[in-house]
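The same subunit A turns up in both complexes below, where it pairs with subunit B and then with subunit C.
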Partner chain A sequence: MGIQFKQVSYAYRGVKNERYEAILNINLEIKDGEFVAIIGHTGSGKTTLVQHMNALLEPTKGEVQIFNYRLPKKKKEKVGPIRKCVGLVFQFPEYQLFEETVLKDIMFGPKNFGLTNEEAEVKAREAAQLVGLTEEILSKSPFRISGGQMRRVAIAGILAMEPDILVLDEPTRGLDPQGSKEIMALFKELHVNHHKTIVLISHDMNIVSQYASRILVMDSGHVVFDGKRDDLFNHPQFDAFHLARPHAYEQMIHLSQQLNIPFKPVYTKGELLEHLKEVYHE
Partner chain B sequence: MEKIKIENLSFSYDKKNEAIKNLDLTIKSGKWIAVVGHNGSGKSTLAKLLVGLLVPDKGSIYIDGLLMNEENIQEIRKRIGIVFQNPDNQFVGVTVKHDIAFGLENQQVPQPEMVKLIEEYSEVVGMSAYLNKEPHQLSGGQKQRVAIAGALAMNQDIMIFDEATSMLDPEGTKDITDFIIRLNKDFNKTILTITHDLEFARKADEIIVMNEGEVMFLGTPNIIFENSKILKEIDLDIPFGLQVYESAKEDETLNKQKELVEALWEYSLNK
Partner chain C sequence: MNNIVIGQYIPGDSWIYKIDPRIKLSALVILLVTTFLLNSFLLMSMMFVLMIIMFLSSSVPFMKMIRGLKPLMFLLTFTFFIQIFSVRTGKLLFEQQMYISYSSLGAIAGIIVLYFGLKRFTRFRVTYFLLMVLLAFVVQALLPYGPISEYTFQIYEGGLSQTGFFLFRIIIVVILSSLLTFTTMPTDITNGLESLLKPLKVIRFPVSELAMMLSLTLRFIPTLLEETGKIMKAQASRGVDFNESKFKDKVSQVISLLIPIFVVSFKRAEDLANAMEARGYIVGGKRTKIDLMKFRMIDLVAIVVCFGLLSLSILLRTGVIAIAL
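Moving on, here comes the complex of A and B:
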């Protein structure tokens, strides 16, 4: 089922009522179990696109289908069920923490969906364990823990609602390299072991190329590429996308030109070194 | 000349764990210093202390020889400016134009000059076509460019960029990086960039490595990268090209390939 966009456009309205099209005529299907990355430079429409995925925005043209729900919704229809299926983790989600304790903060979502205190606590504890928060942290104030931990708390708050699809808007932004690796390892685990569909917005091509099996490139409100990493970084119009290539891939291009080493698409340091060893082994 | 002088500075958020511990530091005029360290190492706390957003528990900060205290703070803020990581927390205007104007209005800059400055700096950050847009019409990265334009228009001698490029895409990062270099080299501003990104940090004159509230290492980028163990110890990634070079040196097969090792070394100097 997943999510389907049918000719979706969204226009913001400014002060003088002028329209500003953020996304235009998007056709897109995200299937259950996919790990999709959305990339594109700032202002290309990535955030606007994903905000449709849990009904934060409704299309001004076209239709979005999320499981059995349709947007724009009917007048009295509630969006709660959509938000339960699709969890959206915003940029800097830790700014939305507000409760007295970490545990209460994580419980807020499930309680909002009508669970009792006891039920919500069970879900919250499960989610906390999933993101690697220790028992000791649960009773602390969410404002007295480190930035990396705050982000985990915010993500646990979404996971406690048990969404099938997790939409992540730049989840590694502002984290140090170690924090980024840990958080990406968490999403990979949620994808592989807990079968969550993941939609990831990121500027980091190293992360995107290592984790996503499908990459969408947005530019001026359009999807200009939809496919696999090898085809993206090798695309004849790649320069027109204004994107960087992953470090390893970039260095591979350089080495193949300078030393005449056969080119192979590589995405990590390990893959690059492995390839070099093969080349020089002969 | 000493632009910034920090003596025996300590600060704690909770009166238990010190975020900054007995820190001493001198920064000379016209230098670009990159402050690196993992989350929670005290980098951002240091930045907030430097602009007087936090009050130290102990020690003193001098900006241009002026002691940071209630009496001098207004004067100090004319000399030191900061751009933060999250632009949503610093967008105050109803439109881009008003947001850039905010600081200038506070400094009572005359109207005609203000208009000129807004045009000039919105151009610099590539936002001149957006002057009448409202914040909700802008992406995170665009808001960050506006915040940077606003700070630059104030024309302060010292600029702190606290992960200021982290909201930007690679092209935006390059634009702002080039601009920071220009500010430093052509306009002789003293620059502090706070970053996790060592590829960015290596462009600075000196790098300060912070760990648990203390300066763990201070030196030129080359000296620090030669001692890359220090950076690994605190979980910071050395630039990719250098990682590849080091791994190749440790590999028996690859290390024998003189031409390859040389090419990897050359590449590591730039990437």
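Moving on, here comes the complex of A and C:
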């Protein structure tokens, strides 16, 4: 089932009530168990798109189906159940922390969805362990830990609600290389071992090409590409997307042009090295 | 979040936009004082006509002003009835026997229910409200069945002019102050204020710092609103929903908004302070302005007219000159 967009448009209202179309006529289906990356330059409508998945925005035209729920919702229908199924982690999620201790903050989400204190604490501890927070940190104030830790706490706060689909808006932004590597490894683990569907917004092509099984490219409100990474980076109109290629891929192109090494799509240094070894031994 | 307008400034290009903000601020004060010095209906209505002319020539959209008066509608209606009922001087203009009876009380209850029931469907709420109030009095005159008590509804000339006097005074105050905010940018107002308060520097009152604080506050309202919007959405995805939760939960949910907003604003303030210092801002230091306010002919005319009105009203009040009524 997952999430389905049917002819969805969304327009923001300006000061004089004029319309700004943020996304236009989106048709999209995200199936269970996918790892989807959404890329596109700033202002292309990525964030607007993912906010529909969480019922934070309702389409001004068209329809979104999330499991058995439909948006726009009927008048007295509640959106709570949708938000329990789909966890959305915002950009810079550390700003949403507010409780006295880290543990209490992670418990906030589950408690909002009707769990008792004890149940919420169990879930919170599980989530904390999943993101790699130690017991010692749980009793600290969320304002007295490092930025990377804060982000883990915020992500744990969403994971504790046990959503089936996890939507991440630039989760690695503002983190150091080590931190982003660890966070991405965590999402990979959630995807593989916990069978969560993951939708990821990112600007980092290295991350996108390494982790995502499907890539969506957005440009001024439209989905201009939807498919596998090999097709994307080989796309004849790739330059029109205004995107960069992963570092290893760029180097591969460079080597094949300069030294006539046979071209093969590679996305990490390791893959590049393997390919070069193969070529060398032949 | 995009449709929040900070301040009420409406871009435009009429004569009133060209007046120096300092003059506009002083003119507002002078004209307000003038309005409160007037003590007869005739003078007040002359002032009212003058203000209407000023407003019409300022090319501020008429509907904007009406919208500014809307929140005062209840106050105006209330004043109207109090005055009409309490002041009984002058000629009797109108008399009507009114009945408080089971039938009329029932009808009033019906009107109240009808008012709240139909409120949602009408676009002209103020007109609708006034209509309903009027109807509530009409039924008192028309339904004498099952009487409890009765009274005579009388309108005297004095009551009517007194009512008009107060209504005009309130409307003039609203027109004057909204004309200032409609036609002057918030930054201009703070700059004007700073310039006007300059003499206070002699007694070591921190005028420029105050003006800086004011303009920074205004500058950061949209930023903080945007920030608040983001945090609200983030908490909404953690299950906070103000429409769908019980009162008990709402308290902790409000806290989940307030604390992050506080944290963000402190962080912003700290960053801003550093950025200002890095660019050479020193508290109490001498600063120059990129836009210098110039005193022009139009400003002179405006201030002379205002002072003229003020002195005229003082003279009238003290009885030095009198106009024949």
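In the analysis below, the second predicted complex is superposed on the first by the 282 of 282 C-alpha atoms of A that agree within 3 Å, B and C clash if a C-alpha of one lies under 4 Å from a C-alpha of the other, contacts with A are read in each partner's own complex, and residues count from 1 in each chain.
Simple rule for what comes next: a contact is a pair of C-beta atoms (placed from the backbone, for glycine too) under 8 Å apart; a residue touches a chain by one contact, two chains touch by 3 or more.
Remember, predicted model here, so these are calculated numbers, not experimental data.
Per the definitions stated earlier, placing subunit B and subunit C onto a shared subunit A by superposition produces a clash between them. Counted by residues of subunit A touched, the larger count belongs to B, out of subunit B and subunit C. Contacts of A:L56 after superposition: subunit C is touched, whereas subunit B is not reached. By the touch criterion defined above, A:Y95 reaches both subunit B and subunit C.
By the touch criterion defined above, A:Y12 lies against subunit B and subunit C together after alignment on the C-alpha atoms of chain A.
In the superposed pair of complexes, A:N112 makes contact with subunit C only, with no contact to subunit B. By the document's definition of touching, of the two partners only subunit B reaches A:R144; subunit C does not. By the touch criterion stated above, A:F238 is placed in contact with neither subunit B nor subunit C.
In the superposition on chain A, A:G80 makes contact with subunit C only, not with subunit B.
Once the two complexes are overlaid on the shared chain, A:I158 sits against subunit C while remaining clear of subunit B. Only one of the stretches 73-81, 217-225 or 253-261 belonging to subunit B has C-alpha atoms clashing with subunit C in the superposition, and it is 73-81. Judged by the document's definition of touching, subunit A residues 12, 14-15, 20, 95 lie at the interface with subunit B and also at the interface with subunit C. Listing the residues of subunit C that touch subunit A in their complex gives 2-3, 5, 227, 230-231, 233-241, 244-245, 249, 253, 255-256, 258-260, 263-264.
Listed in rising order, the residues of subunit B touching subunit A in the complex are 14, 37-40, 85-86, 88-89, 94-95, 132-134, 136-142, 163, 166-172, 196, 235-237, 240-241, 243-244, 247-248, 251, 253-254, 256-257, 259-260, 263-264, 267, 271. Residue ranges on subunit A touching subunit C, taken from their complex, read 12-15, 17, 20, 51, 54, 56, 78-80, 83-84, 87-88, 90, 93, 95-98, 108-109, 111-113, 143, 157-158, 161. Residues of subunit A that touch subunit B in their complex: 12, 14-15, 20, 40-44, 46-47, 91-92, 95, 144, 146-148, 170, 173-179, 203, 205, 242-244, 247-248, 250-251, 254-255, 258-259, 269, 272-273, 276-277, 280-281.
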